[in-house]
Amino acid sequence: MGLELTTTRLENAAEWAKLAKQSILDKATNWGRKFSLFTYPFVTACCGMEFMSVAGPKYDIARFGAEFPRFSPRQSDLLMIVGTITEKQGPALKRVFDQMAEPKWVIAFGVCASTGGFYQNYSAMPGADQVIPVDVYIPGCPPRPEQVLDALIMLMDRIQAGRGHSQVRTKREQLVATANDSE
Amino acid sequence: MAQKVLDALTAKWADAIVRTGSAHGDEIVWVKRDSLLDVATWLRDDPAMAFDSPVFCTCIDWLDWHPTGRPPSETWTEDKPRFTVCYQLRSLAHHHRLRVEVELPEHDPRLSSLAGLWPAFNWQERETFDMYGIRFDGHPDLRRIYMYEEFIGYPLRKDYPKEKRQPLVRRDDLIDAPHKAEHK
Amino acid sequence: MPAGVAIAFALGFTCLFTALAVLIGPKATNPDKLKPFECGSEPIGSPRGRYSVRFYQVAILFLVFDIEAAFMYPWAILYKQLSTVTTVINGVSVTGVSVFGFVEMLVFVAILVVALAYVWRKKAIGWD
Amino acid sequence: MPDQSTLKQLVLGRKDVQDLSDEEHALPPDLMTVNMGPSHPAMHGTVRIVLTVDGEKIVKGDVQPGYLHRCFEKESEHATYTQVFPYTDRLNYVSPMINNCGWAMAVEKVLGIYGKVPKRAEYIRVIVSEMSRMTDHLTCIGASAMELGAFTAFLYFLKAREWLYELLETVSGARLTHSYVRVGGVSKDLPAGFDASLTNCLERIDGVIAEVEGLLNNNKIFYDRMSGIGAMTKADAIASGCVGPIARACGVDYDVRRDYPYSVYPELEFDVPVGTSGDCLDRYLVRVEELKQCIRILRQCLKQIPAGPIMIDDHRVALPPKTDAYNTIESMIRHFKHIMDGIRVPAGEAYAFVEGGNGELGFFIVADGTGRPYKAYCRSPSFVHLSTSEQLIKGHLIADVVPIFGMINMIGGECDK
């Protein structure tokens, strides 16, 4: 059928047009999801200090509905990878991501989570997207709290437009399912 | 100030000591490998020495060491010992410091472990083993501490390239799958 | 009648939300998702081993004092009515304040405090 | 892994099934192995403990660090001496300035210009490291209080830490990863009006500390969760290389700033709090007392800081001033050579150490005459303290691992280097 399931890379505009169509129900659910993100803070390194400041009293993340950290992947839908991911941590990250309930989004917090930063060596992984699909990357080492809030708003727009990786994948599966039924 | 430590050491353990020196405020003593354990126990238990506080234990890999501005005799050659394991000790009572160094050849980097004398060296020797491949005999539980078990090789040796990754897990739908290329 | 409406509302809401979650929520199961979550590492040890009996003991004690707290809620709501006494003195109803409501709860709590003292002395609450 | 029965007899003295007398013939429960894995809020995300538990009591804990090993040594062997500063920020990222000063002092020791840094630069180094030490203690106490449920204390201390971050940002340009200190001095002078804002900030922080002390010091829950947990005797502390607040809590009266005075600490008087019983409560009290000492030191520094240059004028070490670098060709070449090849440090090895947030933070450098260190080992206190945690958690409940790890203040970057 040509709809390749594994990667969520959108090769051609036609395919994207089909995916972009959102029913009223989709729009409503995305609106609901957008404003109630429960983060699973996968904190490892120095960005953790900035994550504290973001959750702290001054740059309060609670204003965007994403304040309540849930420390179990079952109850969270936003995985925030905060800090460097080393090769030894890779399997743990992949397992936590797999155990999260759908729909799920991932924010790579800081340049180490996005590309490995200036740790280009045998132990630091060159970015968390070597292991799991990431929706929003935040540059900065550590990023300023304003950057984090800006990234959160960016993620909310992607959720509303239904362009999160997990959303695109489920939409594709539905399209493939409907395509197979219609044959 | 710790000069008298060196004199006491050379007096007591003349045969076990290869040479002594002092650099930038630290007294250093090079000890033969097989008498390290006795010297260390003496350093700890002797009331005049009382080295009760361990500071750190690490290893220097002298591969292709060629210091500029020094006589060519100091550049490293094949026959010279490649590794030097350094133990830094301090005595809180007498307020002096000492660094015990042991030179190990490349083909047999093995020496007796001091984890029994000072518990701090338990993990630091495991780290030195993990990073440089130095075997510590008599260490209660010598296994890798920083790297994962499946890691091959000793990363901090000078001949281990910095960016040689041995990935445990990668995403299968990566466009340019680096780990596939490496494994082929 | 109002109790029925309350129960209906409660059931209605729960069914509505679970149905919504089931219908709208996307489903993607993979083998890793079904494994127990152990802070990101491979689950070790089997949950089937014999548990210490202390877990059960502490759970039951918690249940007792939890229900005690649960009984306080309706009491708190009805506290106003419990402690107002309307006596009729020569044709005029006079409402005075009585301590009936308060004493009633005191008795209830006192009984449980005796139980708590016994349990505390027997060291059933702690773990050692 | 020793089999379960020996473990049980080893620690709890429980008899095995066969030799149980009749009346106590209850079947002892099996030992359960539980994972307190790498991504756990109390484990600061980078330590995995495989706990063998009998019910709630821990029989044996196998602590596995290394989940944040970012190869500080390998990276610094490929970077020039000045380029290593950003790596030192990320070692103990809760008090980055102290790492900078430690590395700068180690390189100065190998260079042989150990005491020749201008007075003003030394004072600035002490000011910024004491501010960094305060953020370290504020974060440690706040986070471990929050892990025990005292969320308000966490938010109060976070507010105080924000003020310090803003001040450090005006000094160095970054909130957390400053890379502010240079070999031979500091990179920039203090901004204008820094004294006024610092004194104002210190008064406010005094108030916040008083508030949180009121909240936590005689709080029954906090007291019960902390006292008697993870106690360590003085001899154990010394033999296992503990230093800093943890050793001082056990009664070891050792502080690098006073016993091996460096920089301008001899001209400042401050006292070193020493605890008695060495349990988590004493570690908390020692850290709170040290916070107050930091404020005292900062106030003295603000009064005694002299004017003057902030960089040693030794051409081997300092960059040429910008005006020369743009006008004369020689300075431009020297500027270029200095940046590209780094400072030429004569061959030699030296170990310099400072009083870090968690204790004695030392750098052991072997230099080979080129601009890049041949070996740069960082003696990290968190790694040593974590090695004692296996003994500390034995015999406690699972819930006691949280305050023990909170008070050890194990920072992933520094522990796994």
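We just call them A, B, C and D in the order they show up, numbering each chain from 1.
Going forward, a residue touches a chain if its C-beta (ideal position, glycine included) is under 8 Å from a C-beta of that chain, and two chains touch if they have at least 3 such contacts.
Since the structure is predicted, the reported quantities are computational estimates derived from the model, not experimental observations.
Chemist: What's the chain with its C-alpha centre farthest out from chain A?
Modeler: When every chain centre is compared against chain A, the largest gap points to B.
Chemist: Rounded to a whole Å, what is the gap between the Cα centroids of chain B and chain D?
Modeler: A distance of 24 Å separates the two centres.
Chemist: Could you work out how far the Cα centre of chain A sits from that of chain D, in whole Å?
Modeler: Distance between chain centres: 32 Å.
Chemist: So the centre of each chain is just the mean of its C-alpha atoms; given that, what is the distance between chain A and chain B in Å?
Modeler: 43
Chemist: For chain B and chain C, what's the span in angstrom between their mean Cα positions?
Modeler: Roughly 60 Å, centre to centre.
Chemist: Using the touch definition from the top, which residues of chain A touch two or more other chains?
Modeler: 88, 91-94, 96, 121-123, in rising order.
Chemist: Do you know which chain B residues sit against two or more other chains?
Modeler: 146-148, 155, 162
Chemist: Touching at least two other chains at once: which residues of chain D meet that condition?
Modeler: 37-40, 66, 69, 71, 74-75
Chemist: Touching pairs of chains, all of them, please.
Modeler: A-B, A-C, A-D, B-D, C-D
Chemist: Within the complex, which stretch of chain C touches chain D?
Modeler: 38-41, 43-45, 49-55, 127-128
Chemist: Quick one: which bits of chain D touch chain C in the complex? Just the residue numbers, please.
Modeler: On the chain D side, the touching residues are 26-27, 29-40, 43, 48, 50, 54-57, 397.
Chemist: Of all residues in chain D, which touch chain B in the complex?
Modeler: Residues 64-66, 69, 71, 73-75, 78, 109-110, 112, 114, 236, 238-241, 243, 252, 254, 259, 344, 346-351, 353, 360, 362, 364, 366, 368-370, 374-375, 377, 379, 383-384, 386-388, 416-417 of chain D touch chain B in their complex.
Chemist: Would you pull the chain D residues touching chain A in the complex into a rising list?
Modeler: It comes out as residues 37-41, 44-46, 66-71, 74-75, 86-87, 89-90, 93-94, 139, 143, 155, 158-159, 161-162, 165, 175-177, 412-413.
Chemist: Tell me, which parts of chain A touch chain C in their complex?
Modeler: Touch list, chain A to chain C: 25, 29, 72-74, 91-96, 98-99, 101-103, 166-167, 169-170, 173.
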